[in-house]
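In what follows, structures are represented as structure tokens.
One chain, chain A, appears in both complexes that follow, with chain B as partner in the first and chain C in the second.
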Partner chain A sequence: MRKYLIRRILIIIPVLFGVSIVIFALIHLAPGDPYSSMIDPNFTAEDRRNLLEAIGYYDPLPVKYVKWLGRAIQGDLGYSITYKEPVLSVILRNFKNTVVLSLTALALSVLMAVPIGVISATRKNTIFDYVVTVFSFIGISVPIFFLAMLLIKFLSFDLGLFPISGMQTIGSGYSGFMKFLDFVHHLMLPVIALALVQMAQLMRYTRSSMLEVIMQDYIRTARAKGLKERLVIYKHALRNALIPVVTVICISIGYLMSGAVLTETVFVWPGMGTLVYQSILNRDYPVVVSCALVMAFFILIANLIADILYAFIDPRIKYE
Partner chain B sequence: MSLMTVESGLSPWKIATAKLKRNKLAMFGLFVISILVALAILAPVITPYERDRIDMFKIYESPTSEHKLGMDEMGRDVLTRLIYGARISISVGIVSTIIAVVIGVILGAVAGYSGSIVDSIIMRIVDVFMCFPFFLIAIVIAGILGPSIINLMLISGLLNWPSLTRIVRAEVLSLKHCEYIEAAKALGLNARKIIFKHIIPNTLAPIIVYATLGIARGILIEAGLSFLGLGVEQPVPSWGNMLSAAQNFTTLTTYWWVWIPPGFMVLVTVLSINFLGDGLRDALDPKIIQ
Partner chain C sequence: MKKKLMLFSISFLLISGLGFAAGSKNVYRIGVFHSPTGVFHPAYATHSYDFYITRFVFETLLRYGPDGKLEPNLAKEWSASKDGTVFTFVLRDGIKFHDGTPLTAEDVKYSIEYVGFPDYKGARASFINAIKGVKEFKAGKTKDLKGIKVLDKNTIQITTEKTYSSGFLRFGINFEIFPKHIWEKVEVGKAQEATDLMRQPIGTGPFKMTEYVPDQYVTFTRFDDYWEGAPKLDKIILVKTNRDTAQAQLFRGEIDQIYPGSIRKTDADQFKAHGMVISGVPRNAYQYMTVNLTKKPFQDKRVRQAIAHALNRKGVVDNFLEGHGEVSHNPYPSTFWAHPEGMNEYKYSRDKALELFKTAGWNYDAGKNVMYLDGKPVRFQLKYSKGNVVREKCAVLFQQNLKDVGIKIDLKIMEFGVMYDEVKKSDYEIALVGQGSENDGDLSKFYYSDFIKPIGDNSGSNWIRYKNPEVDRLIDEGFRTLDQDKRQTLYRKIGLLLNEELPVIYIYHWPDNIVFTGKLKGRTIPPVAAYSYYYKANKWYFAD
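For the complex of A and B:
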């Protein structure tokens, strides 16, 4: 087990290395000269050249890569052209909003999807099961921004149930608990959009995992020794059925963050997604590329946790 | 059970077809897809108006008997553009899937067959690709390359192969030690011939399923990127760039006929492909007998 853990953690290193190379390549493929707007236009061409040389603009690519990597490890991701401040502080500001949004959506979708998936599996081929199946198919097929726009049009605009966009009512002057309530009110619709799509995926996994477990011999044994059906399902079957589901939940964190790009853009939620989109429009590539780096890092960690959890929960798995 | 007794003498493909025909959702999906493809091909014949014809007096006109789905922000017929949009959206889905399948299958087969160093290099590259937030990287590359249909196909294709590589590699690993492969080796066939003639044909089932679902993914990526203005550009209509009209708040709330139909088309198309893909998965799996 310990050996497996160490090996699993060590595998991350070459992957992170590969990620950093791709990100570095993207920075250099990005069009435009980020320094052109930062240098005083009254400088002579020679001054300009000397300045650029001093910061290593003319270094060969491998040297640039090593320098960049050294800085990135220390948290220096460069300087944002639009926001005129270090990229890291811009990202941190938006990152926590994305985390709040995606974790709330994840929690809601797990709470809904697991029970529905289990019931759907235990009542295979009933009307309930068919409805759940078709609903989850729709959930994995709908473009999330389209769903988000439908929610805005019908629930926010036509019925006036939710605020249309943003994170708080501008100019409301709320404070304390009222401010929190206002925040929750703004949070609800984007969470519903993300959670509905996420739920569809999780329901399918829970259902098929449960169906597989129910066919096992030990479930037949549990029934044969006269246990109540409820006990069989929720004690014996569910525990084992949830093992793959836990992995899927961990992995879906990355999916959620990625899906949040479009959702956030539609709801103008000030998270990573909106930041990326705005930065693309502003051609602020240091921010865009650093966002990708930060998210890739988190997805890597989430996958690592998924693997480790899997090894802990399921004692049947043996690792050489 | 009746299937086993009646059709046990049939080839695996015939059994799969028979199973697929019995799957109502899959057949429904296939039916809808056929109609959509026919619409896309026949677009110039069946559309009531010219694709880019502008009628300045009818900007944002709501649906009438003349213009069944109304007019858009430039006074163009929405229904006409919707049908033409099917061409772009579906071909982006298909071409990007072909790119992804070619890369994914070759790398997966090579990794699984050769093993050792080549295998671990390819699989680490797969790991790198898999831990990128997919859509985010697509946006970054689209932003750098600039919006165009070709770029869209390339981006979607080049980002979609890693999971197929994993699937094919796993299949190849399980086939590698089969007797018929040993026999082929003993006959002196080279690795390339063994991979392409004897191994890949036997991994076709998961590849077909993946490719079907890949078309759905391609259509969703087209919709997402074009919605953000990073995909297909006007005046060529695609469902994604028609949806981007809803970035305008008044359009979103009031002129629903401009953006709800393309969104609905994406949903219906992707849903049908997913139905079919899921049906194919069950039909091609010899372990499922029903």
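For the complex of A and C:
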């Protein structure tokens, strides 16, 4: 197991290296420059050239990459061109917000989706099952930005239950517990949007995986020896049905950490998704490359965790 | 399971029912669609959204008044020598920076010469090129910039090499004054790395910036020692807002103002129904179609006039802008003082267009609806950029309009930066572009032949490569005078000439819109886009 872990962790290094080269090349091949979109038209071409020179824009690509890599290896991810601030502090600031949003949404969706999926599988072809199936179909098919807009329209605008966007009531001067409540209040709508979509997926996975397991011989055996139905379902069946579900959850953690771009944009949630989107628009090369690395890192780690969890859930799986 | 659901829904209701105040009193919230980036230093800011901060926290010597003309701001008096080379500004007494330090002429000198320091790395170096002795100063040969003198603690004198007709605008409007005692401690070349200092700007404005949270908001708090009187509002906050939900937030009172860009008629009705004020601020700018003047067919002005007749420009204003704008016939909008009378309006007329094409030697085959030039059917490519909805619609409309006179147009939509680079290289046939003008009426940047650079050098600002000795002469004359009446006559003449010549085909002028709550009173918005949004913000208040 330990050997396996070490090998998996070591593999991360060359992968990140590859990711950095590809992203670095792609973002620099994209037309435009950091001062092509949001700059005031009063500045002359000469002035712009000076700005670009100052950030090393005219260096050949390989030179730029080597310069960047040299610093990155020493832990210096560079300066954001837009924010004029170390890239690391920009990323940390946004990452925090993404973690809160994503983990809450994930927790909520797992808590709801797994039980509902199980119930819907055990009561196959009942009204409950049909309703769940229809809802999860809708959840999978509706694009999240549209769902988000609908939620805003009904829950915020018409009913006035939640604020429309942002992370806090700005200018309220709340402190302490009220500040926290206010934050939770703002968090709810984006969490609901994100969780609904995730739930739809998870429910379907749980349901089909559960259905498959219930058909197995050992479940019939368990029932035949007179175990209570609850024990059969939640102890014998669920544990086995969870293996594919865990994979899905872990992979989605990886993706969630890279920020839900659309959700964050609609709700003006300052997370990784917003950051990446803005940075690409602004051609903020150092930030884009670093974000890509962070995302790649988390996706790899999430996969690794999924593999480890297998071993716990299913004792037959062993890593030698 | 049921218990869990119950608990969840109870807490859900509790939190949502707590009744958080949607808008607390005396705080004015402005929704912006992009977060300011945190470069709040007047000499270094380049991002358009950072100007929402620098133009508020810092002030200029002069400002635009309600009539669009310059009026006193930090300077109470200003004058120029007869030959227009010596500019004198006298500061008001008793102006204080937000940290309590009094403002002096030394701060003004520093704020202007700052962009000429040899290690300055920002984008404003060219702003002081007219000042005497600037070359030596920039090269580091002299310690002082010869052309700027502090006469006493309130008086500053700036001397230029030649008559400088833009002097008042340049020195009075383009330089926000920042405190010398704070910034002289930081090396000029390293100012951008002084992130903390940059994000706590100290200026002289009616509100001081007290908090900046990237990607969320910027808070300004009242500055009671403001020279024009203490503000009535407690706070003004810029809130990052999603364009798609901004309207809903406005109606719900989460924010009090937005800059919506163009407004559709249905939106305008909605705004009004909710008690909002829509203020259209004229923009000294225009959208146009540029035809490549380095290519032979377009060098004949009759061809350009024919195209102008062929395009349904009025349709653009009526249908795409829904009336929020006007058809353009020259660079100056009708709200600007240099706008001339008696221009040719090039009304939408297929017959007129065909007639002009014919006199220019193009042959139209009415049966096939094909235009021929030198025996070949005419076909051009039209380049335009993504992002501006109206422009995208224009492209399609114009394609149809030109097809009506037998010209086939291939549309090519591109990313703005890429298109701009190609167009500057004269690598295009027809393109749709927008252009802003200087607020002082000078058009040299775009029409003066000295600013044409050879193809391949993209630094020439006259990239349409238009050359007309008469226009050059008039621009020159405009350079040499500070007499406002004389300049008006000159610039009107240029306007008329350009209207006749059509170096580009002018399409429309459009206003910048501000939508804000009708509860805000005491606000005046001078008719100069971008510079006038915080005019006398100390007088703003909420009516109950």
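Operating definition for what follows: the second predicted complex is superposed on the first by the 255 of 320 C-alpha atoms of A that agree within 3 Å, B and C clash if a C-alpha of one lies under 4 Å from a C-alpha of the other, contacts with A are read in each partner's own complex, and residues count from 1 in each chain.
Convention: contacts are C-beta pairs under 8 Å (C-beta built on N, C-alpha and C of every residue); 3 or more make two chains touch, one makes a residue touch a chain.
Small disclaimer: the values here were computed from a predicted structure and weren't measured.
Peer 1: Using the touch definition from the top, say if A:Phe267 reaches chain B (first), chain C (second), both or neither.
Peer 2: second
Peer 1: Kindly classify A:Asn94 by the partners it touches after superposition: chain B alone (first), chain C alone (second), both, or neither?
Peer 2: Once the two structures are laid over each other on A, A:Asn94 reaches chain C alone.
Peer 1: In this superposed model, does chain C or chain B come into contact with more residues of chain A?
Peer 2: Counting contacted residues of chain A, the larger count belongs to C.
Peer 1: So, does A:Gly75 touch the first partner chain B, the second partner chain C, both, or neither?
Peer 2: neither
Peer 1: According to the stated criteria, A:Met167 is in contact with first (chain B), second (chain C), both, or neither; which is it?
Peer 2: second
Peer 1: Go through the superposed model and pick first if A:Ile152 touches only chain B, second if only chain C, both, or neither.
Peer 2: In the superposed model, A:Ile152 contacts both chain B and chain C.
Peer 1: Could you look at A:Met295 and tell me whether it touches chain B, chain C, both or neither (first, second, both, neither)?
Peer 2: The first partner, chain B, only.
Peer 1: Across the two complexes, what residues of chain A are contacted by chain B and by chain C?
Peer 2: On chain A, the residues that contact chain B in one structure and chain C in the other are 31, 149, 152-153, 157, 265.
Peer 1: Using the touch definition up top, name the residues of chain B that touch chain A in the complex.
Peer 2: 25, 124-125, 127-128, 131-137, 139-141, 143-144, 216, 220, 223-224, 227-228, 230, 243, 246, 252-253, 256, 259-260, 263, 266-267, 270-271, 274-275, 278
Peer 1: Sort out for me which residues of chain A touch chain B in the complex.
Peer 2: My answer: residues 11, 14-15, 18-19, 22, 26, 29-31, 134, 137-138, 140-143, 145-146, 149-150, 152-153, 157, 254, 257-259, 261-262, 265, 276-277, 280, 283, 285, 288-289, 291-292, 295-296, 299-300, 303.
Peer 1: In the complex formed with chain A, which residues of chain C make contact?
Peer 2: 1, 12, 15-16, 18, 20-22, 24, 27, 29, 34-35, 37-39, 46-49, 51, 121-126, 174, 192-193, 195, 198, 214-217, 219, 235, 237, 239-242, 244-245, 248-249, 251-252, 254, 415-418, 420-421, 436, 458-461
Peer 1: Name, in rising order, each residue of chain A that touches chain C in their complex.
Peer 2: Those in contact with chain C are residues 31-33, 35-51, 54, 79, 82-85, 90, 93-94, 115, 149, 152-153, 156-157, 160-173, 181-182, 184-185, 188, 265-268, 270, 274-275, 278.
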